[in-house]
Structure formats: C-alpha cells, structure tokens
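Listed next: structures, encoded as structure tokens.
Shared chain: chain A. Partners: chain B in the first complex, chain C in the second.
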Partner chain A sequence: MKRRGIVDFLFIFPTAFAFLMVIIVPFFMGIYYAMTDWDGVKTVLNWVGFKNFTGMFSEPQFIYSFQITLLYTVINIVLVNIAGFLMSLLATSRVKGRNFYRAGFFVPNLIGGIVLGYIWQFMFNNVFVDMGKAMGLAAFQTSFIARKETVIWAMSVVNTWQYAGYIMMIYVASIQSIPDSVMEAANVDGANYITRVFKIMMPMMASAFTITIFLTLTNSFKQFDLNATLTNGGPAMLYMGKAVRASQLLAMDIYRTANQFNLMAPAQAKAVVFFVVLVVFSLVQVYLNKRREVEA
Partner chain B sequence: MRKFLSLALAAIFVLGLAIIPASAEEKVDFSVFQLKVEIDPMIQAFAKLYNEKHPGVNLTVETLGGGADYGGALKSKVSADAMPTIFMIEGIGGYDLWKDYIADMSDAEWVKDTDLAFYSPDGKVVGFPIAMEGFGLGYNAEILEKAGVDPATLTTFSAVKAAFEKIDGMKDELGLDSVTSVGTSIAGELWWVTSQHVFNAFYAGYMDYNDSTLYDNLRKGEVDTERLTAFANYLKLLYDYADQNVLQNGNYDAQVAAFANQKAAFITQGNWIDPNLKQLEANFKMGYVSHNFLEEESTGLYMAAPSWFVVNAKATPEQQKAAVDFLNYMALTEDGANYMVAEAGMVPAFKSVKLLPAGPFSSALVEASARGGNFNWRFGQNPDGFNQGTLGPIFELLATGTSVEDFVTLVTAAFEEIAVK
Partner chain C sequence: MSTKVKTRHQPHASLGERRGAGLYVLEIVAILIFILFMMPFVLVIINSSKTAKEIINSPVALPEYWGQIWTNVVTIFNNPSTDYLGAFIDSTIITVLSLTVITLFSAMCAWALVRNKTKWSTVIFMFFVAAMVIPFQVVMFPLVRWFKIMGDFIRLPLLGTYHGITFAYLGFGASMTIFIFHGFIKGVPLELEEAATIDGCSQTRTFFEIVIPLLQPTIVTVLILNGIWIWNDYLLPLLVLGSAGAVQTIPLAVTAFAGSYLKQWDLILTSTLLAMIPIIVLYLFAQKYIIKGMVEGAIK
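After this line comes the complex of A and B, so read on.
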C-alpha cells in the first residue's frame, strides 16, 4: 500500500509540478507585480499598493473596452449559439448530405484566428468595398470595420462564422444522445417538429447548453487573436473627450498597456480585474444553467 | 511486475523533466536580434560571410517580422534568459528601459567614423547607428511634369495646396486615383506614417538641426497653438486629397502600391520604401519636397539615425568583445559597406563609406544631406506608447471627420497630460 502511494505521487508529480510552475506560481506573482512599479525589466521593485487598480477606472480607454467587451460577449453568446443550434438541427435532420454539412460547418474552426482575421480584413476592406462600388450600394462603400457603429458586429459575424461550427458539434452529440423513444412518443402524441424542438429536445439538451454558453462566454470575453488581426482595435472614436479605439476589447487593452505603453504593473492589475470578472460571470452562468438541467 | 513497470514509467516521466540539452561549443556564440524585416536576407548573408571569415565566433541573426512588437519580444527574451548579444533601441525611451543591459562602447573603433552615434545622458557612446533614414513628401516627378508642376516651387504651404488642386483637376488625364497616398489606419498598422513621421515636421520643421527648444517646451505642456493649427491644416490637406479607402483602411502595401503604380502623385513615406518600389518595378523619376505647413520657404528633409545597435552588458566579456568586433567590421570594412549600401540599400551613417545607395529616395537623401538645411527627428523622445496609443487614434479621427479645431484640442490635451512638471 505504501509503495502504491509513491507510484501515485510520481504519476501525479509531472502534471502537478507543471501546473504549479506555469499556473499557480505565476498567478500569485502576477497579483504581487500588480501592486508594484514593475516595468518588465527591472528587478528591484517598489510596493505601490492599490494605485494600479484605482488608476484604470479613470482611463477612458479601459472603461470603454470594458463596456464593449461585455456587449461583444452578449452578442456572441446569442449569435454563436443560435447559429450553432440551427446548424446542429440541420446536421442531424434527414436532409441529404448532412455529413457534408457537418464537416463544412466545422471547417472554419480549423483555421487559426490570425489567418482568419487577415482574410476577413481583406474581405471587409477590399472585397465588400469594391462590390459596393460596383453595385452602387452606399452601405458597402465604407468598410464595416472602419466604422465605429458596425465594427463590433463585423467582428461578431466573423467570430460566429468561425466558432458556431464547434458549438454545433457539441449540440449534435447532445441531440444524438436523446433516446429515439422519447422523440417517437412525442411524435405519436401529435407534437409537430417545432414543438418537439422546444418542448423535448431543448430541455433534454440542458447540459449541452451549460457547456456551450460557458464556452462562448469565456471565448468571446477573452477574444484577442481575431481582435488583433481583424481590426487591431481600430477605428478611432471619441469617448469621454478622448480619442479611444472603438473595437479594442479588454484582452487587447491589457496587451497594449503592457507592451506599447510599457506600463507592465498597471497592465497586470487590469489582468487581475479581468480574471476576477471572468470568474464571477462564468460561475454565475454555470450556476444558473445547472439549475435548469433535467436528469435524462 | 506490474508494480515495477508502473514505477519505472513514473520514473521516466520525472526524469524527462530533468533532461537539459547539453552543449559543447568552443566557439564564441553571439547573436543579433533585429527588427528590419526588409533587410533580413541581406543581414543573414552578411552574418554568414562574417562567420566564414571569423572561425572563432558563431553569429546568429534573428529578425522579428515587420510591424511586430519588438519591445515585447525583447522582454520575453529577457524573462526567458535568452537575451541577444546585440539588440536595437530606438531612442531615449528604449535606453531608459534597458540601460542596465546596455554596454559602454566609447572605445570602439567605429565611434570615430560617425556623427550619429547614440550617447547616453552621461555622455557615453552606447548606440551604433544602423543607418541614416529620412523622409519628406515624396513625389512622382513624371506625373508632376505632365501636370506642369515644378517640384522646386513646392516650398510653401500655399504652393503645395495650389499644386494639389491643380493635379486633382487633372486626375483623369494623368490616370490617378488620388493626389496623395497617405495612410493612418490603426487596423492597417499605418498609424506611424502621420502620428510619428509627418507630425515630426511640427516638432522639428523650420528649426536648426540641433535646436530642440520647441520640442522641449512642448514636453513642458506648452503647445504653440498657432503652429499646431497650421500643421493640422496641412495634415487635413494631405488627407483630403488621399484615396479615402487607403487612408482609413489601407496597410503599408496598399499605400506604397498606390504610389508605385502611379495611381497617386505624392506619398508620405521615407526612403525605406526603396526596396518595395524596386519590387513593384516603379522606374519613374521621384524625389522629395519638405513637409511645408507654413508660408516660410523650406526644402529641408527629416533625417536621422532612427535606431541603434547596442551591446548587451550582461553578456559574457567574450561575447561583448565579439559583438564590438562585428560592429567595427560592419562600419569600417569594404564587406560591411557593401552589405549596408549595395545589398541592404541603406544610407550609411559612416563617413568612410563611399558607396552611394541605388534607391531613388535614398539618393535623394544623400543629395539633401550634401545640400544641408535638414531637420532632426524628435518623435523618438516621446514616452513609450504615446505616438501609437495616444496620438495614433487622434490622427485617425482627423481622417474620419473630426474638425481641425477638435484635433488641435485633443493633441494639446494629450501633451498636457504627459507634461514633465
């Protein structure tokens, strides 16, 4: 029995050690750095307390980024899940070539976010603009990602295009696990397709919704690669009397604070706030969704 | 047996963590980490040549892609304990951040051969000028000739304005899309074209090369509103006559291509576009006029060494020596001159180099340098992130409808906020 303990320990050790070194230790070091005047290079640090935490809330760009990130997250939870769910219904129906659709919908998810961002930037800035000019459509003649009103929506569309296929796969798996007998019984009882979707399938899939909403929430809240390559935070707009970047989400704001302004400690403080907010939102969401799950 | 197996397997996992790659190199390894992606193949070839001629050392060159975040990458390298032997700084901001890692090179041989070395605030030579660079308002001489505009007359704001109006009226005849090719997009990573380079005219234009009074006052928060308004009107002029899609969304390639394909008569870029122009087969005659935002006559261009190689003071003494030897070799030998001028097409910062660069804008700079009356670069002295993060969005706003007055207010407020008290 004692021997077993050593073996267990040795098996756990590599993972536990890696987890400790790359997650736990940096996490607490990060909180510590957030309360110093660290600049990323110097090794002698001075304690500044909560100055870095209070400073961020008087910064127009940070306040704006916070709001736009919340908006972006809400838009994406709705868009990605609706698109993913509709696609999963199509991919599990008796329509011809459903396996082809299933693969086709999933493919965008295999393209890296960076490549995807550049491709869509080209689409928005060149293809759509040229199309607009050729067809005389005024709405298309200025790029959607160069307008402050549309840029968040343009980003959401691209994110949905990429991410809905992945979410669809989770729904497909969940739909396939619903016993045929239940669906058949509903059919015999005279429930039409719409009723079956809303009254039978969706309640039976509640655990899948918990997962997909969690994934879309964290994915869009943490969005960075697409943001960086598609819009790079632009265009500029006025907010609280300052020029800010209209599509700079929180993750990117943290990155810029750290690497462009060289304010490593304030950026670290923002990252801590970012982490706390994300954890709170995710926990609340999981708690609320869990209550809706039914035993299948 | 199974217990033994699982124990052995576990041991292998643990041992796997402990294996450290062994190295047994006798040569002095040293490295260059640089940012200029356009000269990557040339500097790689030069390093190869250097290694062949110096068997005792092994030089590796790493280049970070264009537009990428060099400062961030360098910070990762320092945290990873993989600091290069030679790296780049772009001015006093970089010096202040990295001063613990910057070695004194005052005794190096190359120092005597240049006026553009970077001096630390306490007067030591620490930076090797990589090249001389310069910019102005580039023009296509052939289009101007067809339009009947003599570039030698474009020495005041009203002359430039009249020329823009005239060429704008003849766009169809001349086959132009727009008069100017300007970019300001954050998304296209072109913020620096205007918020850094064109705006430098405000800091240093019409001043003696070493006169920094105006800039120093600016950093104290004293903004010359009249001069700033004149500049803003000039900037607005450049914007108004630009292709709006390139201006608001375009990237570097789009901006340069519009000029190279003769779709625009003027471009706000420096001599670093020479290699791109060559690639795009732009064989027409071209030159520079000054950024004339006042009525005072001026022909000066904006020329300086924008970046310097520095040697890592925390590298081993052998590596530091190898690094200084390499820089001497680059500055003082024919191989070095050949690499800097003939291969990389740079304007050399060293007096002993007699080769002339072939690029059209680079040769325009060499001429201007001989003529004199040029202006310094000051934007590198702004705090980190200010040009990109603070000025960038303001300069983009002027392109998307903000008025000249609001632009002046925003820029003034930005400088007041960073004022050194």
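After this line comes the complex of A and C, so read on.
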C-alpha cells in the first residue's frame, strides 16, 4: 500500500503546487503587503499597520467607487435575473424555433468584456447619437456613457445584454426539471398562467435562483473588463468637493491605484477590503436563499 | 440539482399553450428580442466594411462597398505596432497548453483525492473549494512580485512567457476543475478499478486506460468552461505578459490596437470582429456542448 501512497502524492502534487504558488502564497503575501509601505520598487518593506486601510475611507474616489459598485451590483442582480427569467419562459414556450432563440441569446456571453466594451462604446457614442439626431430625440443626442447620471445604467444595460442569455439557460434547465405532472395538476385545477408561474414554477426553481443571484452578484461586483473598455471610468464629476470618475467601479479603482499612481500597498489594502466585502455579501446571499429554499 | 439541458423538450403547460392570437404575439416578441440582441453584431459587420469617413457620415447606413472589409483586415494585419496574427497564435498556444495542463493534472489530482480517503485528502480538497471565493484582485499584485522572485530563483523567467502563464492558469483553474471532477468521480463505482488492479494493472495505467475514458463527458465540460475563460481573459495576461511583451493574447492586442487608433472605428470594429470570429465559428459547430458545459459548470 506504500506504493499507492507515492503514486497518489505524485498525482496530487502538480495541481496542488501550482495552486499553492499562484493563489495561497500570493493571498497571504497580499494581506501582509497591505500593511506595509510597498510601492512596487523597494525590496525592503516597512510595517505601517492599518494606515492603508484607514486611508482609503477618506478618499472620495474610493467611497464613490464603493457606492456605485453596490448600486451597479443591485441594478444588475435585478435586471439580469428579470430579463433572464422572462427569456427562459419564452425559450420554453411553444414558440417556433425556440432552440434557435436560446442559442442566439447565449452568444454575447461567449465574447469577452474587452471586445464587447469597444462594440458598445461605438453603439452609445456613434449609433445612438446618430439615431437621436435623425429622429430628433434630445435624450439620445448626448451619449449615455458621457453623462454621469446615465453611465452606470448604460453599463448595466450592456452587462444585462451580455449575461441574461447565460442566466436564461440556467432557468431553462430548472424549468425542464419540474415534473410535468405538477404543472398538469395545476392546469386541471384551473390555475391561470400567471398564477402557475408565481405559485408553482418559481417556488420549485428556488435552488436555481440561489445560483443565478450568486452568479450575477459576484460577476457585477468584480466587473472590470467591460468597465475598462466601455467607459474607462469616465466621465469626470464632483464628489465630496473632489473630481472623481463617475463610472470607476471598485475593481478598476484597485487597478488604477496601483497602476496609475504606483500606490501598491494602498491598492492591495483596497483589494483586501474588496475580498472581505465580496465574501460577506456572497455568504449572506446564499444563507438567505437557502433558508427560503427550505421554506418553499 | 442534477438537471440536464434537454435539447428536445415537449413544453408542458407553458407560455403560448393555447394556439392562436397569443402564440402569434409571442412569436413576434421573440423575433423582436432576437433582432435587438443581434443588433450590435450586425452593426459591427456593417461598419467593418466601411471607411472611417463613411462611418462618420452614418454609422447605421449600409456600406457602399462590402469589399472594404478586406482592406480593413489587411490594414490591421500590416499594422507595425500590434502583431495581430502573432497574438492569435499566442492566444491559441496559451489556451491549448493551459487546457491540457489543467485538465490532465486536475483530473489526476481529483481522482487521487477521491480514492485516497484520508484526513489529508479531505483537507486538501477543502482548501481547493474554499479558494473559489478568492477574487483575482486580491492576489494579482503579489502574484506578479512572487512570479518575479520565483523566476529569479529558478533562473527561468515566469513573467512574459508561455510556461509562466500556463502555470498561473493551472493554479487559477484548479479549484473549479477539481471540484467538478471530484463530484463526478465520487459517483463512479470502484469495482471497475478494483478489477483492473486484480488483473495486475498499475495505478497509473488504471487511471489512463479506465478512469479517463469514463471521465470524457466531464472533460468536455471542463474544456469548454476553462477554454472560454482563458481565451477571453484580460487581466491575468495583462499582468503576467505585460501590455508590450513579446507574448501577446487577442484581448491584449485589441486594447493595444484600439489605444493606438483612437476613434478610428473602421479599424477598431474590424479588429473586434477578427477577435470574435474564432469563438463564433467554434460555437456554430459545438453549440450543444458549449451551452451544456457552461450551464452544468455553474449548476454544480
């Protein structure tokens, strides 16, 4: 049996080693670096305690980014799930070519946020503005991503377009797993379609909702690629008397703090806070939904 | 949840169940949503076939001459500052290498963890699963420094190289891949492997000749999930390869290109089109597997 142990070790080792070197070690290095004066250049780091953590909360851009990231996450959880759910009803209906629609709605999800960001930048800045001028619609004549009031919503629309088809497929799988007999019984009892959706389908899909809300939450909270190429954080606006970037979400704020200003340690401290907030939100969400699943 | 996406499904008591006006309206709604969904792609194709001046005149009009798209493609390929063809080759190499390494090593690891029931294997598995909550942002900066230190130590640079980024992808892909394999292998009966052992088959041979063939459907899921992630990934290549390194990926090339041709939408849109084509073509051929793979990956 000793030989078996050696082979097992050799089988486990490559992945475990990479995992250790790429995630575990940098993770703990990161927590340590967040409490130093790391600037990306110096090799000897000095301990500064929690200075980097307290510093970020007096920084208008960080407070603003934190708030809009929460707003963006909430908007997306609602929009993506409603759109995905309605599309899943459509994709399981008797509509001709429903498999074709399913496949089509899924396409945006295959393409990276970087590429989609440029495409939608063109849509917002050129296509919509041009259409607004042609049709005399004042609201469209200034780009939605150039205005601080609309830029978060514009990003949410793109994210919904990208992600709803994926969420739809999870709902479709869930709808198909509902036993036919349940729906037929409700049908015989005379429940109309709306009642059946709310009273029978949705409660039976509780575990799917837990997954989709978790996915949309983490996906929007960590948004970076789309943010970088669609708006690059802009436009500028005033917040707490300082100029801030109106669509700079947290992930981008972390990246820019390090990249633009070489403030590696403060950026790392922000990343640690980002991690803690994300974990707390995800756990609370899963806990609440699991409890609902049991009740349902 | 152990649902499978059925491709052909007789819908029960669903929307538009009574044929007639309702279903008719629903079909129109479906077509409208579909057009709306495809509009950005249609506009990319239309505008990739225009000159910069035509786009400024009207971004929605049809192009005067569709052949312009070849001129735009050639301009992009001949552009001296970004090597588009090179990025395509690099992206392919990195994706193929990473997928091979992640799939093979994670399957080996997951199998050993399931079959070797000790408290250590449980602890290691728990570590892999727990790490799924760690966002990339919290490890990315230390990772670059750590890769530099390790590279100096082994006298083989990890930053800016194929093997460096492949190693990184193995680390980042491990958690989810092992989780998926682990779940599947748990359900595979031991008898087959035991019979092979009794017949004198070594552990390694048992794995490659008996377990791997059984894993095939799961391997497809894992390949698709990781493949789409790696092909589209931006931040990890940006940090590990750098935006001006010798090795470049497609997302890096697209950003470099768009950055150097500010607002030249004819070329930027053509470059996004070129970036999308490989995935769209793959999707046309393997649509069923891709949807199934991505949905099952999320559900598990």
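As a convention for this text, the second predicted complex is superposed on the first by the 285 of 296 C-alpha atoms of A that agree within 3 Å, B and C clash if a C-alpha of one lies under 4 Å from a C-alpha of the other, contacts with A are read in each partner's own complex, and residues count from 1 in each chain.
Quick note on the criterion: contacts are C-beta pairs under 8 Å (C-beta built on N, C-alpha and C of every residue); 3 or more make two chains touch, one makes a residue touch a chain.
Since this is a predicted model, take the numbers as computed values, not measurements.
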So in the superposed three-chain picture, is A:277 touching just chain B, just chain C, both, or none of them (first/second/both/neither)?
neither
Partner chain in contact with A:119 - chain B first, chain C second, else both or neither
second
For A:258, select first, second, both or neither according to whether it touches chain B, chain C, the two together, or no partner.
both
Answer with first, second, both or neither: which of chain B and chain C does A:105 touch in the superposed model?
second
After lining up the shared chain so the two structures overlap, which partner does A:215 touch, if you call chain B first and chain C second: first, second, both or neither?
second
Chain B versus chain C, judged by how many residues of chain A each one touches:
C
Applying the touch criterion given at the start, work out whether A:14 contacts chain B, chain C, both or neither, answering first, second, both or neither.
both
According to the stated criteria, A:206 is in contact with first (chain B), second (chain C), both, or neither; which is it?
neither
Kindly classify A:70 by the partners it touches after superposition: chain B alone (first), chain C alone (second), both, or neither?
neither
What is the contact status of A:230 with respect to chain B (first) and chain C (second): first, second, both, or neither?
first
Once the complexes are superposed, what residues of chain A are shared between the chain B interface and the chain C interface?
3, 7, 11, 14, 40, 258
In the complex, chain C touches chain A at residues 1, 3-7, 9, 11-17, 19, 23, 26-27, 29-30, 33-34, 37-38, 40-41, 43-44, 47, 55, 58-60, 105-106, 108-109, 111-113, 115-116, 121, 124, 127-128, 131, 133-143, 145-146, 150, 167-168, 170-172, 174-175, 178, 203-204, 207, 228, 231-235, 251, 254-255, 258, 265, 268-269, 272, 275-276, 279-280, 283, 287, 290-291, 294-295, 298-299
Sites on chain A touched by chain C in the complex:
3-5, 7-9, 11-12, 14-16, 18-27, 29-30, 33, 40, 87, 89-90, 92-99, 101-116, 118-120, 122-123, 126-127, 130-131, 161, 165-166, 169-170, 172-174, 176-177, 180, 183-184, 186-187, 193, 196, 207-208, 211, 215, 218, 222, 224-225, 228-229, 251, 254-255, 258, 264, 267-268, 271-272, 274-275, 278-279, 282
Interfacial residue positions of chain B with respect to chain A in the complex:
3, 6-7, 9-11, 13-14, 16-17, 69, 71-72, 75, 78, 93, 97-98, 100-101, 185-189, 245, 248-250, 383-386, 388-390, 392-394, 396-397, 400, 402, 410, 413
Residues of chain A that touch chain B when the two form their complex
3, 6-7, 10-11, 13-14, 17, 39-42, 121, 125, 129, 142-143, 145-146, 230-238, 241-245, 256, 258-263
